[in-house]
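The next part holds the structures, each set out as structure tokens.
Shared between the two complexes below is chain A, which has chain B as its partner in the first and chain C in the second.
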Partner chain A sequence: MSLEHFISEAISPWMKKEGPDSDIVLSSRIRLARNLEKYNFPDLASKEESEAVIQTLAGACKEKSCGNFGEFEILHLDQLKSLAKRVLVEKHLISPHLAEQSKFGAVMLNHDESVSIMVNEEDHLRIQCLFSGFQLNEALTLAAELDDWIEQKVDYAFDEERGYLTSCPTNVGTGLRASVMMHLPALVLTKQISRIIPAINQLGLVVRGIYGEGTEAQGNVFQISNQITLGKSEEDIVEDLRGVVLQLIQQERTARKTLQDGLKIQLEDRIFRSYGVLANSRIIQSKEAAQCLSDVRLGIDLGIVEGISRSILNELMILTQPGFLQQYANEMLNPDERDIRRATLIRERIKLEEA
Partner chain B sequence: MFCQECHERPATLHFTKIVNGKKTEFHICEHCAKEKGEFLPGSNTFSIHQLLSGLLYGDPSISGTASSGLSQQSVLACPQCGMTYNQFAKSGRFGCSHCYEVFDSKLDPILKRVHGGNTRHAGKIPKRIGSGLQEKRELEKLKQAMQQYILNEEFEKAAETRDQIRLLEKQKHREKGE
Partner chain C sequence: MSLEHFISEAISPWMKKEGPDSDIVLSSRIRLARNLEKYNFPDLASKEESEAVIQTLAGACKEKSCGNFGEFEILHLDQLKSLAKRVLVEKHLISPHLAEQSKFGAVMLNHDESVSIMVNEEDHLRIQCLFSGFQLNEALTLAAELDDWIEQKVDYAFDEERGYLTSCPTNVGTGLRASVMMHLPALVLTKQISRIIPAINQLGLVVRGIYGEGTEAQGNVFQISNQITLGKSEEDIVEDLRGVVLQLIQQERTARKTLQDGLKIQLEDRIFRSYGVLANSRIIQSKEAAQCLSDVRLGIDLGIVEGISRSILNELMILTQPGFLQQYANEMLNPDERDIRRATLIRERIKLEEA
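Showing the complex of A and B:
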């Protein structure tokens, strides 16, 4: 395995397996924040301390006995070019924070990229498990197993009263962030989403764009995650989120049905127009591309568009990000050049599926 | 509205910054935003830390007008990493795990605000370092339940719970004896 392995393909192997409810839930993620007792948190840690943390964790994860997780490849962020870092962010394998701000960061990835362990991000460890579709419990089980396995080898910073101690007080306690990426075009089209988001917020959950904190929802893809990490058990946190996601799935399905029953021709028109844009445009900005891809994906889910695989939205939304476009072009591109490349890439990809 | 940078494309990103009550607005297009910073998705945006430190800055003990007792607290510093409470309030992040102990007296209100009123961990306990904790937590839970039963005058249930507590405590002593 090498760096190329992780940055050459847009979709990670785990994403290719279709999970439950994958017409609406694109992916499920569990993240655990952990710190080692002995060292200062990454923000204040010296170079030596940070390196010692990497050594300790790389050592812990090197052993072959890691059972279900396979072997880990370690990538040191300071040895990566900015474009490679960007591609890893676009694949959600590392956070923007690790790519940009971490002084001595590293990431450990397993072969199918379903597990990513960030080292020296905001916390010493950020264990992340990703599953396709709606599989929060499965992701939690795997993350907990990995956590137990690492815990046998290192001393975590843990306090009886406050739980797992994290750099930011927003993560203390379980250190758990559970999130689900959902494609909700019908709730957006029927304008119900603006009513739903505040309701979700009231339940202690957060709705964000696809790249997390502070990003806007592109292509009707929303990330829903827990806000509270203290005072509830891991299982309860996940269960609360699961309950809300189940309701959202149901509401989205109902909204899709309403659209199909009442506005069939308008819906088809919108979907095929978007398909037309994707299949024919020569210049396309990321926002428009994301919106059209969302329409086409809805068309695929409803059986209106045939002959294109469902993963098209996942794949092209990642592939048409600036990092990937430049990786493919093998050169730096300015925004105008990217818009041209993006259009070409989408045209080729959509055709490929047609054939 | 046109983009303030290129004056060509329509502005799609609108930022409002309020510093000391003074409001500044920026309107730019996505292109220029990307061009300017070449920033990664999700970065360069208003972060949870800024928000948190905004909350913490409302703490009267770290404003200049604090009484002598409070101003002593404002120089509260972690002996392990050297972080002062002031620095923590500014950055919204701790320097090391010891900061939690050092700033403990000030943490509850912050945690309450962030975690829906909760201040105590109720989740997983690491197996290796926390083996005795699990039992301890179970005991605490039972004792609380017993109190509640007594308050509700459900004395039979209270007695059952008391027996469970005794059994657990006995087991604990036996394990210690061995």
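Showing the complex of A and C:
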């Protein structure tokens, strides 16, 4: 497979659009957790019940006229090879939980992969809408539309007092998880991030790494999301997150300016050295690659690095994950082999820019 | 000054010729210490005596017919700015001692700078012949010819039993110091060098850094020279050194092969990363620059790096020294400024290759 073709397979179409504030906010995501009233929740559901859930939802989404969402493709997890599941995780289209632990899981994807509906994950439905840049409201609007549209076909487990019922009590109420993926290299470089994260946590928000819960922030990319799903409206949850994100954008921009004004040559040195590593190394671990990609992306955003497209960070952060590397190599690779393949892929990707 | 022109000023013509075994031996040098009989040695000489010594030698070397050596240009150290002296040291044409401590020093240089005669350094004369690659015998032949030719004009301080008399007893006898500059990256990488240096010392030879006594080996370049000047003929001294150098060449070649066979990708990774640093950094200290240049030169010698001339190591090791950097910048620079200027000069030099 040519690298161009591989990239076009690897990068979801929605990612290619450049959204607002995309120098800092890589993507915005809304996720709604829902369950069907008449079936046991997935952890307790029998095989028959789980299959019935899939049938119900697949049936509902097969209608041609599913609003503005186009047609959905349904993938049954038990029919996918482990590498294919891994790739879906790396594209943020399914959760590690669905890939690894769900017995009767499925996922429904729309054409540009901006909508993914996981079935029989922790809940019967996890509706996810992804937008590039800072578009939380747009994502919420779309998710709500989709939710309403599905609700016309099925009965959700809903309690007048507690709202939508979910497997895990942390999702009860709105079932809403709103999150943004932010690139905050200047706040990391100026060490402000260690002061900012606890402050964000105190506001009832959570800061995680790029692959969600339990993952470390790689390449200065942080996922920021709401903790609380109950006792606030969907709009208020999103508005509170938006407020914090706006502040973070401001702080990151100020920190970038501080670096550029006071430490210009040191910043340039760091950025170009990282470019040199990406363009030349023959062996590179994912952590170093992510850090160098972050530096180069910062350089592009600040106009220090020219002639390289901004999407290189988003793209290569995904392309250099183990699943993709193995898919590209078309074979299973041990970690040492992956480090070599990762370096090759990054060099080839950079050469595409220069061509 | 354009970089091309600056380089042509900075690199002595003799360095541009490629000598035998120049993948490992960068240069060969013979130095003869001599004193004139009727004057006090420089440390004790009066101003008048020192000037008389210069006059005598300058007069002798002004004759048109000075053998095969062409005309000599004479530079009086007290008429040179400190930066110009520093540049001569960095070109290996004079010693730091002559630049910094000699009161009435001078240096006579032939056209291609392969011959330098320091006057009133520690001894009245220090005759030095420089050849590229492994050409100790050739350098000895030339130095002896020059020595004979001067001896026709002046009376050397000579003792039948002890040979040529010198200021420092370590030079008495032949007054000969033979040395080679060797690039031994594979012996350093395989850590064999720490075993080899003591063994060389036991043979009565000395291993030093690129700028002689008291300097650390930068960029895996080692100067190897004889310790003993007394009780052996000039030919034997050079022959003993040659034997050791031949062995070192063999050991370095074997170590390079071992690295290439067993650790190919790791070696390539190291070499190309170093290339990436040289081609991209905006701030670089001399030690890191030397190490990266060593790696890249090894890559060129092994055919791993292509399209870059082999002379880049020799050239940039000199060009990036403080004196040259300041000459190129045409102003005095503090260490931080030098690190920036060094990075710029290296990038520009590499771009010349790509052009």
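The rule is short, and it goes like this: the second predicted complex is superposed on the first by the 347 of 355 C-alpha atoms of A that agree within 3 Å, B and C clash if a C-alpha of one lies under 4 Å from a C-alpha of the other, contacts with A are read in each partner's own complex, and residues count from 1 in each chain.
Throughout what follows, a contact is a pair of C-beta atoms (placed from the backbone, for glycine too) under 8 Å apart; a residue touches a chain by one contact, two chains touch by 3 or more.
It should be emphasised that the depicted structure is a prediction, and the values quoted were computed from it without experimental measurement.
Undergrad: What is the contact status of A:F72 with respect to chain B (first) and chain C (second): first, second, both, or neither?
TA: Touch status of A:F72: no partner.
Undergrad: Quick check on the superposed pair: does A:D269 touch chain B, chain C, both, or neither? Answer first, second, both or neither.
TA: The second partner, chain C, only.
Undergrad: Would you check which partner chain A:N334 touches, where first means chain B only, second means chain C only, and both and neither mean what they say?
TA: The first partner, chain B, only.
Undergrad: Once the shared chain is lined up, is A:F6 touching chain B (first), chain C (second), both, or neither of them?
TA: neither
Undergrad: So, A:A343: does it touch chain B (first), chain C (second), both, or neither?
TA: Only chain C; A:A343 stays clear of chain B.
Undergrad: Using the superposition on chain A described above, determine whether A:F324 touches chain B (first), chain C (second), both, or neither.
TA: In the superposition, A:F324 touches no partner, neither chain B nor chain C.
Undergrad: Can A:C168 be said to touch chain B (first), chain C (second), both, or neither?
TA: The answer is first: A:C168 touches chain B but not chain C.
Undergrad: Just checking: does A:V277 make contact with chain B only, chain C only, both, or neither of them? Give me first, second, both or neither.
TA: Only chain C; A:V277 stays clear of chain B.
Undergrad: Among the partners chain B and chain C, which is in contact with a greater number of residues of chain A?
TA: Here the partner covering more residues of chain A is B.
Undergrad: What part of chain B is in contact with chain A in the complex they form?
TA: Residues 12, 30-31, 34-35, 39-43, 45-49, 52, 80-83, 91-97, 100-101, 107, 110-111, 114-130, 133, 136 of chain B touch chain A in their complex.
Undergrad: Where on chain A does chain B make contact in their complex?
TA: 35, 37, 39-41, 43-44, 85-86, 89-90, 95-97, 99-100, 122, 144, 147-148, 151-152, 155-170, 172-174, 176, 204, 209-215, 227-234, 237, 285-287, 321-322, 334-335
Undergrad: In the complex formed with chain A, which residues of chain C make contact?
TA: Answer in residue numbers: 265-266, 268-269, 272-273, 275-277, 279-283, 340, 343.
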